[in-house]
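Some structures to go through are shown next.
Okay, so chain A shows up in both of these, paired with chain B first and chain C after.
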Partner chain A sequence: MAEQLLIQLLIGLSSGMILALVASGLTLIFGIMDVVNFAHGELFMLGAYVGTTVLVATGSFWLALLVASVTIALLGAGLHITTLRPLLGRDPLTTILATFGLSLVLQNYALWQYGPVARKIQEPITSQFQFFHIQFPWYRIVIALLSAAIIGALWLFLKYGKYGIWIRATTQDRIMASAMGIPVPLVHTAVFAIGSAMAAASGVLFGPLVGVNHAMGLDWILKAFIVVVVGGMGNLAGSILASLLVSLLEAFASLWVSPAQAVIVSFVVLILTLLFRPTGLFVPTPK
Partner chain B sequence: MTAPRAATAYWIGFGAVLALLIAAPLVLPEFWRRFVTEILIWGLLAMSSDILIGYTGMISFGHSAFFGLGMYGAAAALLTVRPPNLWLALLYGLIGAGVIAAFVAYFATRLRDIYFAITTLVFSQIFYVIIFTWTEVTGGENGLTFRQPPFSVPAVLSVPFTPVTLHWFVLAVVALSYLILRRVTQSPFGMVLQSIRENEPRTRAIGYHVERYKIVAVMLSGLFAGLAGVLYALQNKFAAPDFVFFLVSGEVVIFNVMGGMGTLVGPVAGAAFFLLLREVFSRFFTEYYLIPVGVIFTLMVVFMPQGLLGFLRRRLNQ
Partner chain C sequence: MLTVEAIHTYYGKSHILHGVSLEVSPGEVVGLLGRNGVGKSTTLKTIMGLIHPTEGRIVFEGQPITRTVPHRLARLGIGYVPEDRRIFRLLTVLENLRTGLDRNGVTEERKKVLLDKVYQYFPVLAERRYQAGGTLSGGEQQMLAIARAMMLEPKIILLDEPTEGLMPKMVTQIREIITLLHQEGVAILLVEQNVPLTLAVSSRIYIMEKGVVRHHATAAALRSDDSVIHQYLGV
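Take a look at the complex of A and B:
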């Protein structure tokens, strides 16, 4: 039993880090421009698809990861300029509607372009290590560390980078930042692009574990939303902790119930959070 | 325009549309008759969510749960009680949707704006997972099929539905629901809902218990959504988990935005518009019709936030 728990701990931690990568893109976009990006799961999915295409063409997984992130970042920037910029200053709820429309288009585009059959991304590292009675793939450890590295780099960039400081200034006071000469619309577009790139990167990284299909975004966007609400919306550290918490609980729950039902665990966490800490579990002082 | 004349014009318009819809099944071919009936049912669902989106300013992404529970409630009545009874199906469906709505309302109304939207979405997915995996009771992925109950007035008559009488029955339920919802939105209760939409802190400051009003609004909305679910189950003789999936909720939001939020009639028009678009585009794009429809929807959000009938908003709410 104890080994079972340890195995699930490792699985939970590694998928938790991927979820954290998706959720931090989402929470970054929300925290900075009050946009709830319903199309985030679709960017995740399209990233994985671009990854498969590049992988087939070049055979290099790491190149696929890079190209997918850049492509989806450009796509994200384009989407932001065409649909979200005109909505600046309107009710934030309209951004949910607009991005929901985008997600419908992108998802069906992927279905049309790539067909309903799931594709497989070959993992770059196939070696495994002995972990109690099972062979645990190194790849899961690598993606967890890689996600942590990407999130860490984002944090450093926001904290010390010049443009990172621009981004934080825009979050704090849009009008003041603009008065100080920060090109606020450009910052918004850049943030959307960064968030999109993170979604795409997590799509490529997670592709080898689940297979790539047009509906994979749905599951992820829902989980990412849960995590973002549980962690406190717009709170980066909170989303990461919540991702780990939810993924660990789901991993442990799947010892007893089927994976389809294990999803309910994260729903229960959400309900309990809403009941007792509606502003989020990891927010120091409720507003 | 003076008030009595506006009211007369309104009722003339209402009567004309009603007369057209009564006559529709007699003149339309089978395919389009069914199409109109479906528009009415989806229109009722859209109207029910307009109470939240248009009047209270809360976007619900979870209406598929209420709709689906209405369907499964009707299925429960029609499969367990012999002989199948129409009114019992309605009652069970409403109870199913009402219980779920009370549950969702209690938790979700603690949150505002996007948090509300996400929470309702998550709740509808909970019910989806439960229905999808609880195969012994709900039939799982395959859903439940049943026979259509006859139209009955207890101890007076019992005649099986024909496509035309079913259309009239649906029309009667939808028209009645519209009148009730219209009356509700014009009542003091409806006014409080609209003032929550306009300025929630001020409504609270005036002394209204905002949460209580929101809970009642969600329950009301859920009940009518459940009613639409019962009608859909009656027409199609099945209940399936696909209708609990959140994409249905998304479609309902699309109906509202396309038709014009806060008008009650607008969402019905939006449903008609959406279903027509789907019909037209699926001839060219087959199952990928959501690509052009999604583009049109996004464009409407950006450039036409009032929707098709939004310009009538003031008139319709007089």
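Take a look at the complex of A and C:
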């Protein structure tokens, strides 16, 4: 039993870190501009497709990861400037409709461009290691560590970088930030681009485990929304902790029920959070 | 240096400013007095580009700025200290200052000089530089708001009720800072409820009523004859 728990702990932690990478882009965008980005899953999916294309052309997984992130960051910046910037200051509902529209357009674009057949990304590391009685793929450990590294880099950038201070100041008080000379529209576009790049990176990293198709964003985005709400909307640390919590609970739950049923756990956590602590689990109690 | 010509400003449907005109010369401290709700803060917000006027124009150093966005105005040299201070509560004191300091073309040495200067003016900010802005007292937050605007090396500071709700000791300190800024050659447009302080530090005074400037005089004239003050402000 103990070894089963350890195996599930490892599975939970590694999926939790990938989920955290998807969710941090989402929560960053929400935190700074109150935009719930329904197109985040499609940026994740397009990132994976760009990754497959580059991988086929060059054979290098790591180059594919880099090119996909940069391409989707540029796409994200373009989408923000054309679609979201004109809506600044309007009813939040308009941005929800706009990003939902973007999501449909991008999904159908992918279907038209790449077709309905799922593609496979070959993982760069295929070796496995013995963990008690199972063979555990090294690749899952690598993506968990890489996700942690990307999130860590984001955190350092926000904490110490000049532009990190601009982003945090804009998150707290958009109007005062602009009165201090911070170019707020540019900061918004940059954050949207960073969030998009993080979605794309998670798409490429996760592609080998699930296969790449036009609807692959849906499952992940749903889970990412759950952890963003559970962790407290716009709270980066909260989203990361919630990702780990939900993934671990699901991993442990699958000891008793099938993995498909274990998904229910995240909804239970979501409902309990909304009932008893709607501001999020990992935020200080509001005074 | 700053000319406001007959501006009309609305908040939604309510017409707040009905043609306000005023002028500030380089290095001058100008007071803007009036009862609550006559449009003093709105005048400052309109100059800062936080609300755009529907009519009239604003000119800063010969350049029309009526429709200019706030972040460009800050870069042009207009500092803004809002009435509610608007400290970035989760940023440390130093990070609050850095929002104005991390501009293009400011060398590391220059940054240090500017920081040392505000730490000398406001020693308490130096002590608390790594503390979150939200944990400071009201008076300290006011100092931080002024210090933060100073980081922009502004040519003019729009100062909105800096002594509101402060203890007398703090009021004295704010007054000293206004004098110091004036000596450095920074122009100040000061909105205040504290009439004696405003008359003491300003060279000229505008008195507003119901969205227009009703009276304009030198501070010296108002100091010797307080009937006008009495008429418009009831003090």
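List of remarks:
The definition used in the following text is that the second predicted complex is superposed on the first by the 286 of 287 C-alpha atoms of A that agree within 3 Å, B and C clash if a C-alpha of one lies under 4 Å from a C-alpha of the other, contacts with A are read in each partner's own complex, and residues count from 1 in each chain.
One rule holds for everything that comes next: a contact is a pair of C-beta atoms (placed from the backbone, for glycine too) under 8 Å apart; a residue touches a chain by one contact, two chains touch by 3 or more.
The shown structure was predicted, so the numbers you read here are calculated from the model rather than taken from an experiment.
When the shared chain is aligned, chain B comes close enough to touch A:G101, but chain C does not. After overlaying the two complexes on the shared chain, residue contacts for A:G59 are found with neither chain B nor chain C. In the superposed model, A:M233 makes contact with chain B only, not with chain C.
Taking chain A as the reference chain, the count of touched residues is higher for B when chain B and chain C are set side by side. In the overlay built on the shared chain, the residue A:L93 is in contact with chain B alone; chain C does not reach it. After overlaying the two complexes on the shared chain, residue contacts for A:G115 are found with neither chain B nor chain C.
In the superposed model, A:D173 lies in contact with chain C only, and not with chain B. In the superposed pair of complexes, A:P259 makes contact with neither chain B nor chain C. Of the residues of chain A, not a single one touches chain B in one of the two structures and chain C in the other. Taken together, the chain A residues at the contact with chain B in this complex read 36, 83, 86-87, 90, 92-94, 96-98, 100-105, 107-109, 111-112, 222, 225-226, 229, 233, 258, 260-261, 263-264, 267, 270-271, 274-275, 278. Contact residues of chain B toward chain A in the complex are 57, 59, 107, 110-111, 113-115, 117-119, 121-123, 125-126, 129-130, 132-133, 250, 253-254, 257, 287-288, 290-291, 293-295, 297-298, 301-302, 305. The touching residues of chain A, when paired with chain C in their complex, are 162, 165-166, 168-169, 172-173, 175-184. On the side of chain C, the complex with chain A involves touching residues 48, 50, 69-71, 73-75, 80, 82, 86, 88-91, 95-96, 98-100, 102-103, 148, 152.
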